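Before any comments, here is the structure.
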Amino acid sequence: MRRVVARFEIPYRQLLAADGRLVDGSAPVEHPAAALRTRLHAMLRARLFDARAVALQRAGQLGTYASALGQEAVAVGVAAAMADDDVLVPSFREHGAQLWRGVRMRELFLYWGGDERGCDYEGPREDLPVCIPVGSQAPHAAGVALAFQLRGEARAAVCLLGDGATSKGDFYEALNVAGVWRLPVVYVVTNNAWAISVPRRAQSAAETLAQKAIAAGVPGEQVDGNDVLAVEQVVREALARAREGNGPTLVEALTYRLADHTTSDDARRYRDESEIAAHRAEDPIERLRRHLETTGALAADELAAFEAACREEVEREARAYLATPPQPAASIFDSVYARWPEALEAQRIACVARAAPDA
Amino acid sequence: MRRVVARFEIPYRQLLAADGRLVDGSAPVEHPAAALRTRLHAMLRARLFDARAVALQRAGQLGTYASALGQEAVAVGVAAAMADDDVLVPSFREHGAQLWRGVRMRELFLYWGGDERGCDYEGPREDLPVCIPVGSQAPHAAGVALAFQLRGEARAAVCLLGDGATSKGDFYEALNVAGVWRLPVVYVVTNNAWAISVPRRAQSAAETLAQKAIAAGVPGEQVDGNDVLAVEQVVREALARAREGNGPTLVEALTYRLADHTTSDDARRYRDESEIAAHRAEDPIERLRRHLETTGALAADELAAFEAACREEVEREARAYLATPPQPAASIFDSVYARWPEALEAQRIACVARAAPDA
Amino acid sequence: MPEPARAMAVAEAGDATVEPVERTMVEAIRLALGRAMAEDERVLLFGEDVGRNGGVFRATEGLQARFGAARVRDTPLSEAMLVGLAVGLAAQDMRPVAEIQFAGFGYAALDQLANHASRMRNRTRGRIACPMVLRMPYGGGIRAPEHHSESPEALFAHLPGLRVVVPSSPARAYGLLLAAIADPDPVVFLEPKRLYRASKEPVADDGRALPLDRCSTLREGRDVTLVSWGASLVETLAAADRLADEGFEAEVLDVATLKPLDLDAIVASVARSGRCVIVHEAKRSVGVGAEIAAGLAEQALDRLLAPIERVTGWDTIVPFPRLEDHDLPSTPRIVDAARRTLDHV
Amino acid sequence: MPEPARAMAVAEAGDATVEPVERTMVEAIRLALGRAMAEDERVLLFGEDVGRNGGVFRATEGLQARFGAARVRDTPLSEAMLVGLAVGLAAQDMRPVAEIQFAGFGYAALDQLANHASRMRNRTRGRIACPMVLRMPYGGGIRAPEHHSESPEALFAHLPGLRVVVPSSPARAYGLLLAAIADPDPVVFLEPKRLYRASKEPVADDGRALPLDRCSTLREGRDVTLVSWGASLVETLAAADRLADEGFEAEVLDVATLKPLDLDAIVASVARSGRCVIVHEAKRSVGVGAEIAAGLAEQALDRLLAPIERVTGWDTIVPFPRLEDHDLPSTPRIVDAARRTLDHV
């Protein structure tokens, strides 16, 4: 005897077509035009930051940097869906979300410039810093969410990961515990088609990454990751469920990494230019701009004005970054422990003595 | 716009009802009566071994031991489905499978008695030994399967894990790589409802554990784990797919741990006697016995005769175990490396000197 | 950090009216956990089987009934997740106390410890801290199956940003665990499971923490310094007795905090005795014993009258139970080593 | 073990006709990998991005084109799985060579190394072995982002059953990697990435392995012994130069195999010089330097004329790039330490 004991479906959401028009059957976009423009601006701001960071790196003024070119809709859509007192648990390619949430550009520059102070965000004090070891931030988000649940707070954690991260045990383990404890957390996978040189299809035989949610018994949903409005809508709904005590959600946002993996990478080694070209047509900024133009919500010179303002901010922040003197040598001891242990004090003294200008 | 992009189903298989009759709609069992009796015998043999091991432990003659009482159908069904040159990658509660495959009882006693020689199986030389760190054997099975695939051998690996193990990253990671490389491996989860004191529902919100396969894009199937014939059938089909290059399968076998977790555990601390009683009625040995009796395939005294033979084997093997002198002290150095490093030779000498009777 | 939603009781610093009662180490640990939970609502316990089952060694017995299943919770089976969860909780100003059932299963959590718990404070310049305690029964001598008798303290002690603490008696377990939970940084708290029920001593539930980062002297003596921690102190103290029979006074130090190491105390003792035997169950190469010996070779060389001796587990895999005694530092091995230092001319 | 289905070419033991060519370390590693694959069909390479991309440091460049995607394969992103996979492959008599992209991501694989790779042989009494190599670029000095500059060798060197090997030059990388692949036991092969392209030296593709478990003397001298491995040897040799300018002859030892440690060679040198400075990038506490110092304090105490010095990374989190130079052992720090040993009276 053979019978079916469980059935599952993975839905896919899209609101805006590539040409900016509402996709057939989509509900009209609920945001007022001003809100839509805010999202457009945020994506543009992230992109301009990104370009400046790459330029700084090329000029030898920044360390290795991971560009998010083309992925702005995921970061901005997610951040726009969050409440201020939610907590972001990012990976390393989500400055779009971090900037929206109030991380300053100079902080991000400092971080990628190799200075710990870049993680000491003045704005979102509770957001976790960038996470480099792929996927390892996933359980942190569950822990943050558990704290909210225990304190009875109507807050949620949002964890961002890449497609490559979905192969890591941490991801499954975290999603599983979040599921069984119904934690208020949303996991968003930015499926940008590549994990350095490893294409998505070589990462997993799963038809979608959203279906990894099924392993944890939680809802999984795919969304067009170049459609900032769809991303926001899906994450907003997931956050609402989370805050109401209905547990976590896994969202897979389909987008594309237009840039090299990082400034240390040369993607031409492993992928065809033609593939990239096809994806350029899906540019999320272009898509929302078209939508706004079509609906008459974007004045002719507005974008240019916004861009100019952004460029000014980027330059100002880059200058502030470049003008930031390094921390003193002794600072490497300052925050290892709440108080540097007496037993290790000799090390600090030796280091400082060596670092002294006359040493 | 919202549309469904992927759909999944988890099937469930059962051939024998609890009363031993064929479940409505089941195909008639394909094995000749003799083969059915072999399976009955193997389950009984495993149970008698198990009981003796527990008794030895209670008598202070064995270390901590993990009884598989009530789970014999999974171990035997899996082993019966395997070819001799397949490789078993067990967890720690599958002596039923190990015995079927030719591991000797004295070896298992030695293992649980705290002697490494218990892992040096004379029979299935390529089978991996018992694995204690839960779930960590899962990638080994993928590695074994990759070796088969690379060498073009029509062999497969079978990995056994518990329901608790499905919460471990190793499990997902291994299933994922097996899926994407279409490795010839079958993962069988013995869902015995408990992971020590943690009930299955506290382990994951997934409705079934079989659906964890969906995360890896591989087939997942549930089977009645107290029905040795159904287990064998499902695993046999999975192995056939594996050998034909069609990749891995995840099988969830539903059974129940009638015993304490190990001899160090007291399950009355965390579960009700009433729950256990209900599961006793599902005894897999009883079920197949009834089936054979109903179909007239079991002579009246046959089981008793077999039981007597088994008891004799168990006693003989227990005696052999008890008569095995411990390894010499120096043996702790013998197999750490292929050759104990010269640089560490002083340690060996010191140990041996200390262990000498007159020391 | 947000103010926790509910008011948190503040610890009374030492309640001396509480009578000391004879307790085992596992009882003392349970007592400290209960105390910490009662005093600070942010403290929560989790791990495999810590709830209704009270932990496989019963260290958390009764705590779920007392504090509820929200604060004493069984987790799904994953050690890496446990520690990752603690990192997130600690980032939210909670005080997670996680249990790993046996230290041999803690290797899987090393990534979360090394890459996150130990460095969250440093990488955020103090914006986010990681006040967590990771409890792990460790060590051999209870005839447990393979993988259940590991002594991995050296791995944790190498990692910057962590504290590594090992109690050696019920009272020290109580006081050090309270200190670990109160510490603002991550502490790996290794419990010598062989001592869980080995003996009792008076322990008062007075809420008094013992100082971290400090050795303590268990026995004074001027001829040779024996340095150890955890369960090996049993054999070390027995060795001191035997040496006393032979007319030698051995000083016995309990290191207690393995990282950061109170080298000054060890140097002070060895400066007096001129001889040092370091004893640990853990494998010898690159063990914590090596760090102690190296420290002495740096800071007390001129006072050493004999080569430093280490009595440790060999650089072998921990043997299965039948031969484990050949691996564990035994009293005769310690006495032999001490005699070698005493015989050295 | 089954006979591998296809015939395996057997290595020619050293083909001296091959001309040496100036090569960088990363080229030498690539050469050794290609050689091993050509000689033994059981050797296969895998890791993240090792295929078409040729590895993020290009150590496997061209090998997929040469040996096919079956034998040079990109894995899904998981370091624990990589090592677990290698354990299974090795159990089937394959010769897996796995790459972890940066050693800081190797912590996640520690469980598979400690609980499986390192002990498969022992726990099966030799029935199943684990001849695998785990390659990991490690160490700092290339201004990489956080987590990319870790030096975790001490963790691996503490684990019984493993070999830990670190090359210090292109030719040594070639010979030691061949030896590691031929070794019947698991080897953690740590590649000092700062040296990947730092310099060239003549390397002949002669298939000759260098011996494991042996220190080598890079420079002779009788006044002080400087002991190091990997990239720090650059600063150590520079320090020897400076000391020479001051009239002191420093002997420089390259430890090369950190576990098991060739202590005899170090003792022999220190017995001559009476002075020892140990240099490593890794964090100081419970590092491999401690093991060397401890070994000397045990076996060469009477020959030591000055306290042993360690010049190491501090017990801090590896700083982000802007300050990493303050953590790395610098030539001045080494010279200072050597001078202290020379000044000691």
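Going by the order they are written in, the chains are A, B, C and D; count residues from 1 in each one.
Just so we're on the same page, a residue touches a chain if its C-beta (ideal position, glycine included) is under 8 Å from a C-beta of that chain, and two chains touch if they have at least 3 such contacts.
Bear in mind that the values here come from a model prediction, so they are computed numbers and not experimental data.
Trainee: Measuring centre to centre with C-alpha atoms, which chain is farthest from subunit D?
Mentor: B
Trainee: More contacting C-beta pairs: A-C or A-D?
Mentor: A-C
Trainee: Mind checking the centre-to-centre distance between subunit B and subunit C? Centres are C-alpha means, answer in whole Å.
Mentor: 36
Trainee: Suppose each chain is reduced to the average of its Cα coordinates; what separation in Å results between subunit A and subunit C?
Mentor: Between these chains, centre-to-centre, one finds 39 Å.
Trainee: Using Cα averages as centroids, what's the distance between subunit C and subunit D in whole Å?
Mentor: 32
Trainee: Please output the residue numbers of subunit D that touch at least 2 other chains, ranges allowed.
Mentor: 76, 78, 80-81, 104, 108, 111, 115, 119, 122-123, 146-147, 160-161, 260-261, 314-317, 320
Trainee: Please output the residue numbers of subunit B that touch at least 2 other chains, ranges allowed.
Mentor: In subunit B, residues 116, 133, 136, 167-170, 173, 176-177, 180, 202-204, 336, 344 touch at least two other chains, as defined above.
Trainee: Considering the complex alone, what residue numbers of subunit D touch subunit C?
Mentor: Residues in contact with subunit C: 80, 104, 107-108, 110-111, 113-115, 118-119, 122-123, 146-147, 150, 152, 154-155, 157-161, 259-261, 282-283, 285-294, 296-299, 301-302, 304, 306-310, 314-317, 320.
Trainee: In the complex of these two chains, what residues of subunit A are touching subunit C?
Mentor: These residues of subunit A touch subunit C: 87, 89, 116-117, 119-121, 125-126, 128-129, 133, 136, 138-148, 150-153, 157, 169-170, 173-174, 176-177, 180, 334-338, 341-344.
Trainee: Sort out for me which residues of subunit C touch subunit B in the complex.
Mentor: On the subunit C side, the touching residues are 48-49, 51-54, 56, 74, 76-78, 80-81, 104-105, 108, 143-148, 284, 314-317, 319-324, 326-327, 330, 332-333, 336.
Trainee: Touching residues of subunit B toward subunit A in the complex: what are they?
Mentor: Subunit B residues touching subunit A: 1-15, 23-26, 167-170, 172-173, 176-177, 179-180, 182, 201-208, 210-212, 214-218, 222, 247.
Trainee: For a test of understanding, state which residues of subunit B touch subunit C in their complex under the given definition.
Mentor: 63-64, 111-116, 132-136, 164-165, 167-169, 195-198, 202-204, 264-265, 269-270, 326-327, 329, 331-333, 336, 344, 347-348, 351, 354-355, 359
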